[in-house]
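Lettered A, B, C, D, E and F in written order, each chain numbered from 1.
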Amino acid sequence: MGTQPNHLNERGEVHMVEVGEKPATRRLGRAVGYLSARPDICQAVKNGQIPKGDVLAVSRVAGIMAAKKTSDIIPLCHPLPLTHIDVQIEIESEAFRVEAVVETTAPTGVEMEALTAVSASLLTLYDMLKGMDRTLEIGHIVLLEKAGGRSGHFLREGASHVDHSDSHQ
Amino acid sequence: MGTQPNHLNERGEVHMVEVGEKPATRRLGRAVGYLSARPDICQAVKNGQIPKGDVLAVSRVAGIMAAKKTSDIIPLCHPLPLTHIDVQIEIESEAFRVEAVVETTAPTGVEMEALTAVSASLLTLYDMLKGMDRTLEIGHIVLLEKAGGRSGHFLREGASHVDHSDSHQ
Amino acid sequence: MGTQPNHLNERGEVHMVEVGEKPATRRLGRAVGYLSARPDICQAVKNGQIPKGDVLAVSRVAGIMAAKKTSDIIPLCHPLPLTHIDVQIEIESEAFRVEAVVETTAPTGVEMEALTAVSASLLTLYDMLKGMDRTLEIGHIVLLEKAGGRSGHFLREGASHVDHSDSHQ
Amino acid sequence: MGTQPNHLNERGEVHMVEVGEKPATRRLGRAVGYLSARPDICQAVKNGQIPKGDVLAVSRVAGIMAAKKTSDIIPLCHPLPLTHIDVQIEIESEAFRVEAVVETTAPTGVEMEALTAVSASLLTLYDMLKGMDRTLEIGHIVLLEKAGGRSGHFLREGASHVDHSDSHQ
Amino acid sequence: MGTQPNHLNERGEVHMVEVGEKPATRRLGRAVGYLSARPDICQAVKNGQIPKGDVLAVSRVAGIMAAKKTSDIIPLCHPLPLTHIDVQIEIESEAFRVEAVVETTAPTGVEMEALTAVSASLLTLYDMLKGMDRTLEIGHIVLLEKAGGRSGHFLREGASHVDHSDSHQ
Amino acid sequence: MGTQPNHLNERGEVHMVEVGEKPATRRLGRAVGYLSARPDICQAVKNGQIPKGDVLAVSRVAGIMAAKKTSDIIPLCHPLPLTHIDVQIEIESEAFRVEAVVETTAPTGVEMEALTAVSASLLTLYDMLKGMDRTLEIGHIVLLEKAGGRSGHFLREGASHVDHSDSHQ
């Protein structure tokens, strides 16, 4: 861990950090976040009283497309050739849980891409449910896992390890 | 409050809701969210050990630019001619607090634009601080206020009313 | 009907035509197009052997989002505040039929937005089905209806009139 | 050929397919499509009564730029570092014929990029000619050729082989 | 003329200035700029030894499309519904002269849109000529005229007045 | 130096040049440009009478983000995985001087990316200062340095060589 943002150059000004000397390696980022909602809304979506097919599909697509726009949304992120994006939504009793996995072969990681996918997916769910529930809150967005690169494998305490090599098609 | 997402048409499929019959009126959306971080990081940014000028400015700009991209990030949002975007960041003892105000003159509201500005601003802060702090968490993103339109004025319980007519230049 | 493209100015060069003197009125564009595919593929999607929920939802979302990008894809199109976008997909015996309705209140029409929505929706279906069927062909993309503006109401010969005032939610 | 869209993961939900394990190889996609128009319009453009220079150039540029936006228009397409885009327009007696070649060095192909270039180029021609001809129809958009990758070389029946190694500058 | 950038709010931080209280009026911006090049290059393009049709058309289209992207390129610019964009290129003895006119009906002006169109058009010319001439220089980009809005009509000293009401089609 | 734009193919039409046969090597582009302004404005920003923190940060961010959009702004530029972007602004007595460095590992160079960063950064400064100074002029935008690729190292006469290997973090 550093003691200064590496997005600041020697003049204390932001730049997009040089990564050209680092080798392109396979990297994975996995993040999660929640949209807390009224239990009756969660239940109604879960059991299909509110038609959930399109709602969940649109939210997933929004996450996938936002991951590809990460370097356009977050000013100092590098444009990267993403090789895999998967967004999974689970309906819990009082929240929608969104988890995103992003992979690339590149000289820098895809932590921000996974977090951006989760954020956009949650905002899209919020947009579709906001006419029914004014208690909506987006939160608990954290990085679950990071693999590849010099800093080694990171697995957030309490996060389960997913064998991504099985989940590919 | 409805009992079905109005983003679903009569076939239960998503569409971008028709708003052409509604008059264009002035509308405001105000949202807030937090990036919780280690107290020493918050303190170091606050007192300038970590040069904060560019860090906060870049985060604000990211929020402003993302608000303008809302209809490109959230699939069913209408493209709107935004007339005002302001993003304010405050450093608390254990978190960065981001509040965004968005205004328009349009037939539909800017709730999602304010939430998108907050999300992008928080993600950008996360990006710049992630090399120093692995406990970062984005959360408590909620709508504080909504004005204009048929549904009347909404002020979240506990949210202070800001006189936006004074804050314009 | 003119005898010269109105996208050419008096020097014979392309420009984005001036529409500032025309009043903003409500306008509608409706277009259709087809992806012809092997009958067994059409059948398998229709009866659910190929899970169609996400496939159709993603295609609809792609059409909706592309309509909003029309002025970025087609160089001489005006940026317009779209008020409604709806994309409907029907599975026929040897083709997928995509119909899009776009509406706005603006000084110029949304014919190209409807055609762009149809094209993007068809390309997205193609993308998802191309691994199963090499006979795919996109075609018969035409304007069905155009309403609003000086040139009056246009209904393509043989096109059924849809009462869009009923289809809004 | 598969029996399921590979854009569906094991849960039957869309994802952006993992391609990180595949090597980056040189790949080519070539597609074609048509805008059928009234014979007198085709003739007038061909012989220069309608100034064709800018009309054809703008349509070509639209195709080139759209190819670069493919992963933003088609939700599940991978962002790829395109190395070559060429769009060629021929005026036939009753149609404009648009052919696009796209190349990359990447772990997945550029079929959709070539089809997207063709679609955008045709839509742009439509946009410029629509004020003169209400019979316009876009159609017969197919893949002509695909090279590189595990699935081997594909040449559509009846399509002539173009030696692209000669056509580069 | 103010004594502080109006892009700074009362906290000295950037925001997108509120314009919601201002009426939407017709506004025009006109800007010019130059790409200086070797005289023999200018001459070769002018007399057609270098095929100029596509070169000039592509540069014009780049300017038109960039004007529409202004609020995405310049962080504090408002998204505006542009009603007219025209880019004109003249080949002088030692330079390419690019002039752009942009119009809108909006509560704020299109000065930056005209300057952005000129800049993008010049960069595109530079891109196409850079393989032949290493002396290229972009410069003398200024606002020629601004009309509409509270600040009244501005005509740069020495700039000729163009009757834009005649140049529309 | 060639005698024809290499953006023209054998038919004299624009294309995006094939670079797939060239190896991906490290490349650097460095460009500079100026916004000339009234001396009192330059002085007021320099000594802090006009709060310069956000003004300069926003201009730098605009340059960084525009560099990443180069292939979307300039029609025939290749999309490239940029590995480093740095924008530096210096306030002189009668001008703001903007210098940008861009790096990549790719089969083609980043000259246009550096020039685009400079242009966007200057336009953004113009936007923030235009309410105070009507003499603003953007100019003297040139390439200072180009490294990597077959054409060898280029250093503009009079340009100082910067050791970029020291300026990275």
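We adopt the following convention: contacts are C-beta pairs under 8 Å (C-beta built on N, C-alpha and C of every residue); 3 or more make two chains touch, one makes a residue touch a chain.
Computed from a prediction, not measured in an experiment: that's the story for all the values here.
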{"item": "Chains touching both chain A and chain F, listed by label", "value": "B, D"}
{"item": "Recurring contact interface, reference A-F, options A-C, B-F or B-E [over half identical by residue number]", "value": "B-E"}
{"item": "Chain pair, B-F or A-B, that carries the greater number of C-beta contacts", "value": "A-B"}
{"item": "Whole-Å gap between the CA centroids of chain C and chain D", "value": "18"}
{"item": "Centre distance in Å when chain B and chain C are each reduced to the mean of their C-alpha atoms", "value": "32"}
{"item": "Inter-centroid spacing, chain E versus chain A (mean Cα positions, whole Å)", "value": "38"}
{"item": "Shared interface positions of chain A, touching two or more other chains", "value": "6, 8, 13-14, 53-54, 57-58, 60-62, 65, 69, 72, 75-76, 79, 81"}
{"item": "Every chain pair meeting the contact rule", "value": "A-B, A-C, A-D, A-F, B-C, B-E, B-F, C-D, C-E, D-E, D-F, E-F"}
{"item": "Chain D - residues contacting chain C, complex", "value": "1-8, 12-14, 33, 50-51, 53-55, 58, 61-62, 65-66, 69, 72-77, 111-112, 115-116, 119-120, 123-124, 126-134, 136-143, 154"}
{"item": "Complex interface listing, chain E residues touching chain B", "value": "6, 8-11, 13-21, 71-72, 75-76, 78-81, 106-107"}
{"item": "In the complex with chain F, residue positions of chain B that touch it", "value": "53-54, 57-58, 60-62, 65"}
{"item": "Residues of chain B touching chain E in the complex", "value": "26, 56-57, 60-61, 64-65, 67-69, 79, 81-88, 103-105, 167-169"}
